[in-house]
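Some notes on the structure that comes next.
As written, the chains take the letters A, B, C, D, E, F, G, H, I, J, K and L, and residue 1 is the first residue of each chain.
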Amino acid sequence: MKKVLVLHGPNLNLLGEREPEVYGTMTLETIDARLQEGGGRLGLEVNARQSNHEGELIDALHGARAWAQGVVFNPGAYAHTSIALRDAVAAIDLPVIEVHLSNVLAREGFRRRLLIAPACAGQVTGFGWRSYLLALQALAWMLDAGEEGA
Amino acid sequence: MKKVLVLHGPNLNLLGEREPEVYGTMTLETIDARLQEGGGRLGLEVNARQSNHEGELIDALHGARAWAQGVVFNPGAYAHTSIALRDAVAAIDLPVIEVHLSNVLAREGFRRRLLIAPACAGQVTGFGWRSYLLALQALAWMLDAGEEGA
Amino acid sequence: MKKVLVLHGPNLNLLGEREPEVYGTMTLETIDARLQEGGGRLGLEVNARQSNHEGELIDALHGARAWAQGVVFNPGAYAHTSIALRDAVAAIDLPVIEVHLSNVLAREGFRRRLLIAPACAGQVTGFGWRSYLLALQALAWMLDAGEEGA
Amino acid sequence: MKKVLVLHGPNLNLLGEREPEVYGTMTLETIDARLQEGGGRLGLEVNARQSNHEGELIDALHGARAWAQGVVFNPGAYAHTSIALRDAVAAIDLPVIEVHLSNVLAREGFRRRLLIAPACAGQVTGFGWRSYLLALQALAWMLDAGEEGA
Amino acid sequence: MKKVLVLHGPNLNLLGEREPEVYGTMTLETIDARLQEGGGRLGLEVNARQSNHEGELIDALHGARAWAQGVVFNPGAYAHTSIALRDAVAAIDLPVIEVHLSNVLAREGFRRRLLIAPACAGQVTGFGWRSYLLALQALAWMLDAGEEGA
Amino acid sequence: MKKVLVLHGPNLNLLGEREPEVYGTMTLETIDARLQEGGGRLGLEVNARQSNHEGELIDALHGARAWAQGVVFNPGAYAHTSIALRDAVAAIDLPVIEVHLSNVLAREGFRRRLLIAPACAGQVTGFGWRSYLLALQALAWMLDAGEEGA
Amino acid sequence: MKKVLVLHGPNLNLLGEREPEVYGTMTLETIDARLQEGGGRLGLEVNARQSNHEGELIDALHGARAWAQGVVFNPGAYAHTSIALRDAVAAIDLPVIEVHLSNVLAREGFRRRLLIAPACAGQVTGFGWRSYLLALQALAWMLDAGEEGA
Amino acid sequence: MKKVLVLHGPNLNLLGEREPEVYGTMTLETIDARLQEGGGRLGLEVNARQSNHEGELIDALHGARAWAQGVVFNPGAYAHTSIALRDAVAAIDLPVIEVHLSNVLAREGFRRRLLIAPACAGQVTGFGWRSYLLALQALAWMLDAGEEGA
Amino acid sequence: MKKVLVLHGPNLNLLGEREPEVYGTMTLETIDARLQEGGGRLGLEVNARQSNHEGELIDALHGARAWAQGVVFNPGAYAHTSIALRDAVAAIDLPVIEVHLSNVLAREGFRRRLLIAPACAGQVTGFGWRSYLLALQALAWMLDAGEEGA
Amino acid sequence: MKKVLVLHGPNLNLLGEREPEVYGTMTLETIDARLQEGGGRLGLEVNARQSNHEGELIDALHGARAWAQGVVFNPGAYAHTSIALRDAVAAIDLPVIEVHLSNVLAREGFRRRLLIAPACAGQVTGFGWRSYLLALQALAWMLDAGEEGA
Amino acid sequence: MKKVLVLHGPNLNLLGEREPEVYGTMTLETIDARLQEGGGRLGLEVNARQSNHEGELIDALHGARAWAQGVVFNPGAYAHTSIALRDAVAAIDLPVIEVHLSNVLAREGFRRRLLIAPACAGQVTGFGWRSYLLALQALAWMLDAGEEGA
Amino acid sequence: MKKVLVLHGPNLNLLGEREPEVYGTMTLETIDARLQEGGGRLGLEVNARQSNHEGELIDALHGARAWAQGVVFNPGAYAHTSIALRDAVAAIDLPVIEVHLSNVLAREGFRRRLLIAPACAGQVTGFGWRSYLLALQALAWMLDAGEEGA
């Protein structure tokens, strides 16, 4: 079974408690449980991690080289400001898929700059916790020997 | 069975013939066939349409109000220049999901401006023809009465 | 009796159905009927045309040279993106008045760029369907030998 | 009979004397007389005021709350620089229509920034002194109980 | 007892009448009375002045050199456009504290440019009429021989 | 004999009628006749097409893959706004030369952005209808086995 | 007694040692002692915390939800770069007041961008350590049932 | 003898008192006396006026049409913000020369935008009160029938 | 026989030696010989000159007024930075055609600013040494009494 | 007698021949003669120099350190592009006054950037050849022990 | 023997493993060993530290005040985004030299903004691990009493 | 012994005389002597050249192809404006290292644009004349067969 790091960035630990009309009422624990379940159905063993620290997120991406075959990454607000995370994604040899719960392109202007995105394989944005699930599906396809590539 | 418009924008009729190292070797016909098949498995009847004409794409979106429950839309290069398409997406009362074959955020600077995106429900970007398939999955979930919303 | 082209741009065919709280509940057919009636009172024969296609709008402006003495033009979203329509307005020898239903200057930043406006005689903006009626009045004055010009 | 403030901004006192090929040969007195006459036909009592002082224009807008039902306002060059006038327009509970004699969007780049416009109900631009007359007509309609709104 | 000019800029004369949900229901007279009372408790004699005229505000700042030891200044919208007021603040040898009722940085983009601020000693922003009271407190400390400076 | 598509963009159908002091007095028909004649002398069979529709221009470029060996393209105002046409030029495997009648770089600022140009082989700009003739000459050289390349 | 988190951002641990001509000679310990004393007089129990780590500041803001009624926050240089801290401020349900020791608007251009400010209740800037004291006063008023709101 | 308006803008009434190391120790009265004397030597009757009010400066420029043959104008900070003054300069039929005491181009970035300058005949900048004297000399030459123009 | 200056700007002396995959293997001497030959066939006597010095290029343009009827000018990198050369082109009364070997619009962003171009008659870009030959052809047509102008 | 370098930048050698309606009909020789004469009346020995070469202008400024007491400098188009000349002006210990024949601020946008100006003592702009004469006057005053400085 | 902190920023722990064609095949351990050796030859005791955490880098800079005489700092991607690190460099009283392995100015546009650089003594960029060695040499010179300063 | 061109750009001939507090008191001759001595110790024969002329600097770079193995280049102010020098550096097949005496990134904003830098191998900035010495060391390493590349 292939192993996947699901990495949650800053403020996502508050999910379910913070602005539920925007982010839904599910907590991060519930989401992680659903992703483990859904990942399992796709043949993926999901290990989830959350941190509010840019440096810990870099460390986690580096660490994934040792045990994971792919990463699903919600960088939260660091998506708009962190070149260090972009370099970390580019430096590891794993496919990384960026996800966002809400449609960030429909929000404030400064959220339209997505600095990490060019180093990722792709993005899934705007579908709540199911953004992660779709990214796991995409990752599962990528990790299989694709019959005709992208 | 719910009906979905899959709408392909400019130059996508050349798929499989144009820069296969970037866009893959599958033709648009093959992709549409797979989407019909994949959509069927999700309980969706997929009707696909391609046009190089901004006006025809607007007409198609308007027309979908009469027969479809949702739209998967790859606006191609119009994603970066068309406010008229953005208004069309906002004007119809259907969920619209934007897809792109390649990771447009990793390409030229002018492709980082996504004008239609704020009017869509979400985006799936960078997974080749499977971007459409993931969008169909997202649409299927949306069209079901979601147990906890986004 | 002088002839006038009333030209409606993209998405205006949805009037009365789309966001009635913003655009009112009158359909385009009703508006056109009122403009024909109102135009008649001003000595103007009104012929109305709508298209979502930038190219058809250019064609309609070109065609008006053969039969009309003036144009009232709501370019919709093309107001913000089309240099080709600006050139078409500049190329024909007819007075063209730009109208908008809503106060576009009070909306998103990208709607503040009005590319066609410099080639028009003037603008009437923000008065709903009556923007057209005021523009017809202005056109009627222009087409009369004005006693003291602008 | 409803009362309307017609408010003229900086340099408009020179009308008829300054660059007549651009602004026409009518003086501000003549224009005001015509607006009183034209307003009368629309059931509006027109009181006109001109000032070159930003502060006096603000005072006049504030004062109108006590006696007028609407305002027709040509802010002249303050249209491009005054946030204080914008706030004044927003602060009073009267419909304000912005007018310009010439098509300001066809002039220098710095005239394309219209700071007061978003706080107004609409604009009439480019029809010489008749811009005011059209604005009076629009105001008359607004002050009547409109049968179908904007 | 030290004397302080409290200077209110454009549109602040409408306080209590204008958008009470944003600016509260207290009138400027009430606020001034409270500031005189509160200032008195801090050993400050408060003289308040309001004007909608940029020139009168400059004059008032100049005039304060003759009788006041400090200024609390709410420049209103001139905060974003007036270099002349900035120069006036820099030209007089009195400490000037800028206040705003609302959190201007949370409003439209053009309100984020604070031209006068660099010439002031500091800012107090977002606490309604109590912004002035806090500024009076700050001024009282400044006018005392501070034991350890800033 | 090699075949060449000469493709004229928006508003060029008005040539000879529109602003003759800028664009000359020759009609598009006369120009096309001269290009056929001049192309013949260079061993090129010229087929000319004009459209005001961005989508039809894309279709024409796509279609040229089936019968032409090269393209001379005057995109008119779409040169400044169309990424879709740029993608179409890049997608077909034919050399495309961009031409303009007037020196577009000497006109309004927005005409200095040439979006399609990077996808073309080169540009010929500013020589009236003879811009096309020079482009045909360049194309003839390109289509011959060049003795020393570019 | 209400509890307040006073949160100091990067480099503030050096206070009293670093550039005393700019930041004064008081150490952070002395300031915190004075704030505890001054807070006590206002009925507030002050708990102070300093960190150079963006992530720890986020954690501290999250943690305050469990025990504090309000926050006084000096984000230091993160004020200009951290969207993650802005989101943290917006995510917790406590009033947060931003303070700065120096008048940041009078310094380098890049310090004029205040990213966290829109999510705060207000700002107090430029009064040295007394900026905190004024913010505590503002917070005390906010936490009391204000008789007329902001 | 020809008559000249010397017009001083905002804050210039403080000359001699404000930042003497920058602006010198001469008061405006002394400067005006010297300009009257120096103007007299050039055959010019100098009438000087100062105001901090943008509107009064506009009024003064308008008024000069009735009695003066030329204007020497130091717009102070309004040089950088006032389009209304620019229009006033353009509207009157008198030569206007812009002067500044200090080299404004060597100061803050926002002082490099000179909005009124394009409407003036020329500028003299950086020579203290003698900037006015040089401008009077230039005006004297202009008002004579120049033997060889510019 | 008409005389033409062919003027080569900086770094063009390295042609044939520098990056031959970009600029071809022909030396400048060979190109000049071919241009003399090709010019001769067009009735033009070609005199070529190369310099890396902006000043010498200006001198050469000035000097051409004495002996040449037209200029073909490859300004190299000065195309993007030299207003002095633009003024020189505008100052002489000869038609000047700008050429570039490579398609400069397809290269780095700073090469998209073409400062000299607005002062030239037109441009030929992207056809290697044959860009010059096409420009000579264009110049030959211009120097003949054109039967129908541009 | 004090010595002054009058330094003319690029294209000024063409004066009297180039666009006389803009720059007048006087040649540079005539102007230099008049400046020598006018300088003499001011107690200044004028030595004039012209060059189209940026490097020679730098050399001339450096050289002036050995023999001149001041410089009047018309940098022509280099005013807008040369930081090297700015550094040369800053590096020598002589007062340098910048002059321009025409009002450069009233011309193209790129002429509004004056890079050398901040290093100069002041500017005289827009008075034709008499700009130099006024600058000589200013220089004469500066070189005298000014009774009250700038 | 003088002590030096060599501080490595984010992602540098991957050296030798990540993109060896760009960053070489040496690991950070090997580099640190060589720097200790090379530093020793220069009379410097080198202590190296790496962290992916912005906060830890700030802490390390602060800490160096207690034991080091200078710092060689490769801030990695934080060079482009961290004002907090810039403030930390400015706050400590040690010379800090910025180094980069690759020529960051030749990479993506966002790497051209170097926020920390103005607070450093200088930069050494583009020489791989030897950038550090050169910086150590520079530091050794600085820490010696330089005979003629910079 | 390998040969190296040390090339000094504009205004560097004034070293030791110009602003010694910024640039030190050593003349260029002394520096060149020290570089010859220091270069000799590294096995490099140093030939130094200075010019204020952009064209001569280009010529010198071209000429170095014939006799040198590397270049140390201080482009002075041309670093910020010259694309022609950038192209010259890119066109020759020699390693070029850019040096600056002062930390240019800590100075005016326009000095932060380094146009030549992307074409160089690396930069050494801010160490006075020793910047050159460090660059010579780097060049010596590069010219040796490096044991492990960058």
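We adopt the following convention: contacts are C-beta pairs under 8 Å (C-beta built on N, C-alpha and C of every residue); 3 or more make two chains touch, one makes a residue touch a chain.
Note that the coordinates shown come from a computational prediction; the quantities given were computed from them, not determined experimentally.
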{"item": "Chains in simultaneous contact with chain D and chain F", "value": "C"}
{"item": "Classification of the chain A:chain K interface as same or different, half of numbers criterion", "value": "different"}
{"item": "Geometric centre distance via CA averages, chain H-chain D, whole Å", "value": "32"}
{"item": "Between chain L and chain F, distance of the C-alpha-averaged centres to the nearest whole Å", "value": "46"}
{"item": "Interchain centroid distance [CA atoms averaged], chain F/chain H, Å", "value": "54"}
{"item": "Whole-Å separation of chain centres (CA-atom averages), chain E against chain I", "value": "63"}
{"item": "Chain K, residues touching no fewer than two other chains", "value": "53-56, 81"}
{"item": "Pairs of chains, among all present, that meet the touch criterion", "value": "A-B, A-G, A-K, B-C, B-F, C-D, C-F, D-E, D-H, E-G, E-H, F-I, G-K, H-J, I-J, I-L, J-L, K-L"}
{"item": "Parts of chain J lying in touch with chain I, wherever the complex brings them together", "value": "9-11, 13-14, 18-19, 51-56, 76-78, 80-81, 110-111"}
{"item": "Chain D-facing residues of chain C, complex", "value": "23-26, 101-103, 105-106, 112, 114, 117-128, 130-131, 134, 137-138, 141-142, 148-150"}
{"item": "Residue ranges of chain C in contact with chain F within the complex", "value": "53-56, 58-59, 62, 81-84, 86-88, 90-92, 115"}
